[in-house]
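Letters A, B, C and D mark the chains as written, and numbering starts fresh at 1 in each.
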Amino acid sequence: MNPPDSPREACGVFAISAPGEAVARLSFFALYALQHRGQEAAGIVTCDGRTAHVHKGMGLVSQVFTEENLAPMTGHLAIGHTRYSTTGSQRLRNAQPHVIETMDGPLALAHNGNLINAPQLRRELLERGIGLSSSSDSEVMLHLLAGAGGPGVDWLTRIRVLMARAEGAYTLVLLTREGVYGVRDPWGLRPLALGELEDGSFCLASESCAFAPIGARMVREIGAGEVVRIDADGRYQVHQGAAPRQPAFCTFEQIYFARPDSVLAGRQVHRTRQALGRQLAREAPQPGADLVIAVPDSGTPHAIGYAQEAGIPFSEGLIKSRYIGRTFIEPTTALRQARVAMKFNPLPGNLSGRRVVLVDDSIVRGTTSGPLVQLLRKAGALEVHVRVACPAIRHPCFMGVDMASHDELIAATHSVEEICRHIGADSLAYLTIEGMMAALTSDDELGGDLGTVPDDMVGGYCNACFTGQYPFESVPVELGRKDVFDGVLADADQEAAAAAPVGLRP
Amino acid sequence: MNPPDSPREACGVFAISAPGEAVARLSFFALYALQHRGQEAAGIVTCDGRTAHVHKGMGLVSQVFTEENLAPMTGHLAIGHTRYSTTGSQRLRNAQPHVIETMDGPLALAHNGNLINAPQLRRELLERGIGLSSSSDSEVMLHLLAGAGGPGVDWLTRIRVLMARAEGAYTLVLLTREGVYGVRDPWGLRPLALGELEDGSFCLASESCAFAPIGARMVREIGAGEVVRIDADGRYQVHQGAAPRQPAFCTFEQIYFARPDSVLAGRQVHRTRQALGRQLAREAPQPGADLVIAVPDSGTPHAIGYAQEAGIPFSEGLIKSRYIGRTFIEPTTALRQARVAMKFNPLPGNLSGRRVVLVDDSIVRGTTSGPLVQLLRKAGALEVHVRVACPAIRHPCFMGVDMASHDELIAATHSVEEICRHIGADSLAYLTIEGMMAALTSDDELGGDLGTVPDDMVGGYCNACFTGQYPFESVPVELGRKDVFDGVLADADQEAAAAAPVGLRP
Amino acid sequence: MNPPDSPREACGVFAISAPGEAVARLSFFALYALQHRGQEAAGIVTCDGRTAHVHKGMGLVSQVFTEENLAPMTGHLAIGHTRYSTTGSQRLRNAQPHVIETMDGPLALAHNGNLINAPQLRRELLERGIGLSSSSDSEVMLHLLAGAGGPGVDWLTRIRVLMARAEGAYTLVLLTREGVYGVRDPWGLRPLALGELEDGSFCLASESCAFAPIGARMVREIGAGEVVRIDADGRYQVHQGAAPRQPAFCTFEQIYFARPDSVLAGRQVHRTRQALGRQLAREAPQPGADLVIAVPDSGTPHAIGYAQEAGIPFSEGLIKSRYIGRTFIEPTTALRQARVAMKFNPLPGNLSGRRVVLVDDSIVRGTTSGPLVQLLRKAGALEVHVRVACPAIRHPCFMGVDMASHDELIAATHSVEEICRHIGADSLAYLTIEGMMAALTSDDELGGDLGTVPDDMVGGYCNACFTGQYPFESVPVELGRKDVFDGVLADADQEAAAAAPVGLRP
Amino acid sequence: MNPPDSPREACGVFAISAPGEAVARLSFFALYALQHRGQEAAGIVTCDGRTAHVHKGMGLVSQVFTEENLAPMTGHLAIGHTRYSTTGSQRLRNAQPHVIETMDGPLALAHNGNLINAPQLRRELLERGIGLSSSSDSEVMLHLLAGAGGPGVDWLTRIRVLMARAEGAYTLVLLTREGVYGVRDPWGLRPLALGELEDGSFCLASESCAFAPIGARMVREIGAGEVVRIDADGRYQVHQGAAPRQPAFCTFEQIYFARPDSVLAGRQVHRTRQALGRQLAREAPQPGADLVIAVPDSGTPHAIGYAQEAGIPFSEGLIKSRYIGRTFIEPTTALRQARVAMKFNPLPGNLSGRRVVLVDDSIVRGTTSGPLVQLLRKAGALEVHVRVACPAIRHPCFMGVDMASHDELIAATHSVEEICRHIGADSLAYLTIEGMMAALTSDDELGGDLGTVPDDMVGGYCNACFTGQYPFESVPVELGRKDVFDGVLADADQEAAAAAPVGLRP
């Protein structure tokens, strides 16, 4: 199946220090809840203060881990990772966490993000006579940490050295002999949250949805530039690792990436998405419509919000297949529409004779929207009005999201009218940037315990994919760096074939 | 993960005769759409009028078939099957279609259902000196077909001989040298529908949802006791293979099994489920409630119907994990709730401070409802009122559905009040049988092109699991027959380990 | 790698009844010793008098069985099988033993040989209305056994019915609820031996080499047409199942197939092969030669005999690679000789400047001999005289040995002089039929405890591949029957890909 | 199966520069011929002067490589490796060659040997702030090479820096952008030979047996401390990388490791082994014996030499199973002897009533000899006289051979008489050191083209395992270093389970 027409996220991380607990098992359940942030590979490292144990593999968390391989992973410290490749390569040796030996014992690192100055950092390491065995940012950061200061220098100091040098998006978790660390870059591009277990020890996760399955409660979100250390006793301290920069939290975490039950910027994501949908209804109403439906599943919260605000009934118009697996079987010419019909099943009983508002969370390449509109019409819909709960995406991302290249972004090269014609809709409207920011930052009538947006998030978003204004002074001309390196070292390891991920996010 | 608390279906079938078409490929896309009817194994047999080609395997349709193994499957005739074991065994040799050589060429068979007189039929075959190599009903039916009449007897005659002897639920597709056949048992227990491709040739499928992905349109549902022959030119004829009996279409196809976009008994299933939800709202309203939510995904149509009828807002209160895979990792004692929390994620932002109606399609063992109610309360729900869109299930099924044994059915041994206390709900109500039958058979205000229920389906349902009144005169005392045979032949083939199905229907 | 230029054998069988013993484990060790008779697949069935347990798989015995899959195989009765396909198909469903249910409980069968009247027997079964699900002779024999007589008829009677109908080579072992059976066809084409365990219970094996690893001693070879029953107490009785026919034990078991430490026709095979080599030295001496070497490993005993008789030193001239695995990597044009050089490594230190006699056990296609002669010359051999320890093979085998078709047999279409020129040898000589029979049947100076050849084996060999005189009145015109059936049912099961055998007999 | 009672070797290496040739394919055939030096893993790296391509995997060479994974490995430079772990760990990430990126392009390294000062070198790298991701010597050497000098320093200079620092056994092949290199340590502990292809380009291999399958001829053995560079045009130059030290070529390469058709120290190994056998016959004759037999296969050349010198007939007394695979099935108590009986099959026909000399190449733990003597007696041998073609092994090896720990070496703790009693032989004799050195270094009556031993090898052997005199000033107190590191980083990667080697050297 073609890649879904959605941006793709680059990883989930988790860290825990909990004396007396089965930390590998807790990490497993936490990673299971972070599965939506990466389905290519998964890994866990544990440490008992002296010895590090690692298990990694290709595939879903549930495929990688078994009772047998979790059992020997002893210790009270652990970090974990779920990976979605930003480069398209599927290799076990790129699976994280990465682990090395240093003069101060084992050091493990797991990473969500992308360094935009990695080429310079690589060159410096190579010039210091260090050979690099992979194309990953993680190896670069491990060597920077291992070589910062000298033997015996404490890890917090080393992390500060790294943060002074690294530019880009990076939410990190680290494991050392004496504790685990969480690091959020000074721009706050990728999320990180602190949780407290029932026994009073602490953990860190990319999203708060990882806390419930392990019986933990959310304490707070980690701020831009902060470093959290959880020591061997499970107690935490927060340090400022680098001065925060202009805050630039990724808007797409709110719109699409995060799980609806996670809390981001102080509010549950499902409610934020309803707020976006309501704002969309205010900006782009469709008075005579009979029915609001979503592009499931990611567009459903926005559609519910739209329907509520517009006072139009919400129902299901498209059912999404739950057993997609991945298939590479090509349909015959006669079946050109089979692809989208395999994934989305229209409900003529609900659609026939209706004027329909179809709410989607975003449009990237525009490859899905056209076939969906056709499916709805064929199922009897009289009119199909497409509403998109974010602005038009016109610029690529260099901060760890695999959106598409500039030329692949339909809104980079087409006007809204052209796109509307292209997808065959009766009307098409995107949310405005202003409306989106209003919905993201102002409290609304649904407010409650989980509804207060912190002041520092007002306006503190990275909207580069909509505006082209990146949070960094110098933006890479191209993303080709990795290709250059892959040109130098084309790995054909059989590992790639070992396990294909299934059940990719629909 | 434990088996989900839902009845489990026993297979999907497909058949096609389409000269000049890539019938194996079409079968693949059709089976992909029937994946919800069985995830254990899948198979296709094609025939060019002389030679039969078969490919079967354990796992999802997308895992079993590749361009490589589809390529050699030539011919203009094909049948296919997706299997969910009713016995719990996962063995490639039980995968269907089964193929044998007969004096009149190859004969392939795929089956959805369960013969209740299989033990007698087996005994007769054994007494005729035929050795049986499996415990499957399909082998029994193949030998009955192969031995009926004698060499040269036409297949329709043989099918009639089989139908005169077989008692129970059986929707069959057959492949011979000269055409494919579809057979629906005289009680009409399991569904079967006829479709027409764009080129005017025909196909048969368990559900009409298989037609759209291959560009076909539904012609009609096959009646009880009918035999459809599609000849080598792709033309079809309908014969009465056996006199129809008291119609007994499985109610659970309507409530749970069928895909919402399929058409059963003349109406799209999603609309039927909305009608059930509306009837439930009339029978068991909850006036002061703030919110109607579903147990996703199967309870969503019923909940939408309930909300519409009750005039209470519908929203999402539980998000269902999309990457479940299967895991056998045991949570620690502290994580007793992890199981259900891994699968269903509550949305406190929507639930906090609300009085909630939770609509479920059915309750079988009652193992999921209790933890769900707790999850909702923990997420801040003030009240949780459970509404079930079918009556209480009190009797096991012998017609091909793996519900549970009598003792496992919570409603067989507990009153509604006891169940309500057991699951910790503020109130609990089931739909009445009369209300269910009214919703299943009467047209309602949503009516339209797809809304006319055929007369012969009025009252023509098997409700044995609710009432204990089975459509057959003699009901098996026990389901143990297969265990006896498994006792005789305990197969430990390595095939079982080869491929584990993933993404099982939640 | 190309198939080795050797005939290929069609299976090894084993049976045991030993109350109180771990019969599955004993079967494992016995099959391990019979591995040379078939590397494609292996299987074991056990029975406790009521329940049958089966495990089969593709690959070597050591790959198919593990502690985990042996553990549940309880009971006091067992049969086992190692398979080398005679048809070239590698399919798990052709793996033996085959097991069926009959009115008298489970029946399992494992087979070494080939029925020449299988097409007629198949046709009869099909006409009786029995569908056949494979192309194997075993399924035919199972149905003949299941249908012979009627319910309750004892198994010995049924076996006699089978033996009255079956024509061809068949050494069978059977497992029933009340004992195991060994059957040798009336011509005695394939071997079968009886062994006694230390606890006084009994077992049967294709070759006596299976006895030592399980602590058993050889009792005697089973005669042509005999049926041995070992009852549930481990005691045995011998019956004449069919009148013996003109004895026709396969000469190639003596020349090549059997393991050198097995006893056949009363003498250890290694000694028989030395006798063949000595006879060859008498018939075709090479007076001026410096050195006798073998084509290892199968030609070594013959070469040792030749060297002793000729009074010429024996040494190694070719080392055989022990890690061959199977590779399908094609050598470049420049490496045309790589194939044989990968398998056989010449020893110039021993060969340089010498006149060498190269003894081979047999020549089938003649594809290996030429490259070997060249290798020896390149390593410095002055002269290479090839001596073959059997007559020229001019006729195909229909009795279970996959030699080659008539046209592939080099001696069927070339004179000895032409072959000598073709392989580039200085001289070439085959053993005469008379000389071979003398060596096979007369006691010689090496005689001892294991050296007495039974009277009934004098002259009692099948030499059809040398003479064209088959032991049956009607010989199949072609071997194509299976192809016809494969044409009807082309199985593309994924099982084939599951496991590739390695370490094929060099 | 238990580890065989033999020392285990630690790797084979190969390098080639051949413009216009399929170097990956040639490397495959060369590694196939070096399979006896390591069956755990295999790998090849190629380079076209800019890009490096690597493929590695667990298992035999024939299992790791396919046409598919060889095809993309383009270029004119290649190195390859077969690995036998010295630490017992089976991990893909330890598979070689290792590849890194440096400022001067890709650098790949494959290694046979063991550095005894690796702990010091690791410590230095860690103190320089370099993190190490494995426990392998290869990573240490790669970082030493990458960091030697600075950007632009030529590779020969860097290799000299490495050789000045590394202490221990190391035969290396390196691949860079501009050529391949072969390095032999200053003691000459492990072998390395230069070959010339038919097109005039050159290659390097651990043993000359790798040359024949790729159509190459041996040019010469590489001397201690020499560095051979083969440039991009396929031309070679030899440099002295470090001053040679007291020559210390591993005696066990001659006795056991090397393939019999390889040439070491100027003579074909099979002839050297015959010379050892003849010397053994002179030192320890057994006048009244009837028969000389070998422990196959490795003892056969020694036994042939013994038989010739003693004038006693050589024959086979034990047949070695060719399909051993690896099995972990435990024999029952009654089958204690099954292990050795599965591997070695006695020939009573040859042994019965005879007085037998059993020649073995070496005895390490003494676990096989006793059961073998028993097997021979049970097969009828009247007397069994064991003769060992090397001295008693009393000291562990630190130079890359996995012999056993001191306490496991039977001769370290038992006298010859005690060992003779322990194994139940009628007599036991080892070769003397003086006799061994005489046989290794003096030309004998078999002399010929391949028989001249170079002067510098007279006395130039490492006999530390016999004498305890190691070639280094400081000998590691313990081999535990790797265990310490494994304690720090216990890798449980799933890779280990991916592929189990089969057909291990018996």
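The working rule: a residue touches a chain if its C-beta (ideal position, glycine included) is under 8 Å from a C-beta of that chain, and two chains touch if they have at least 3 such contacts.
Nothing here was measured: the structure is a model prediction, and the numbers come from that model.
Common neighbours of chain A and chain D under the contact definition above are absent. The chain with its Cα centre farthest from the Cα centre of chain C is A. If you average the CA atoms of chain A and of chain B, the two centres end up 36 Å from each other. Chain C has its Cα centroid 61 Å from the Cα centroid of chain A.
Centres computed as Cα averages put chain B at a distance of 50 Å from chain C.
Across the assembly, chains come into contact as A-B, A-D, B-C, C-D. Those residues of chain A that touch chain D in the complex are listed here as 50-57, 64, 69, 72-73, 92-93, 98-103, 105-107, 123, 126-133, 142-143, 145-148, 150-151, 485, 487-495, 498.
Here chain D touches chain C in the complex through residues 21-22, 25-26, 28-29, 32-33, 35-36, 39, 60-63, 65-67, 70, 198-199, 209, 212-215, 259-261, 267-268, 270-271, 297, 300-301, 304, 308, 313-316, 319, 321-332, 334-335, 337-338, 341-342, 345-350, 352-353, 380, 446, 448-451, 502-503, 505-506, going by the rule given at the top.
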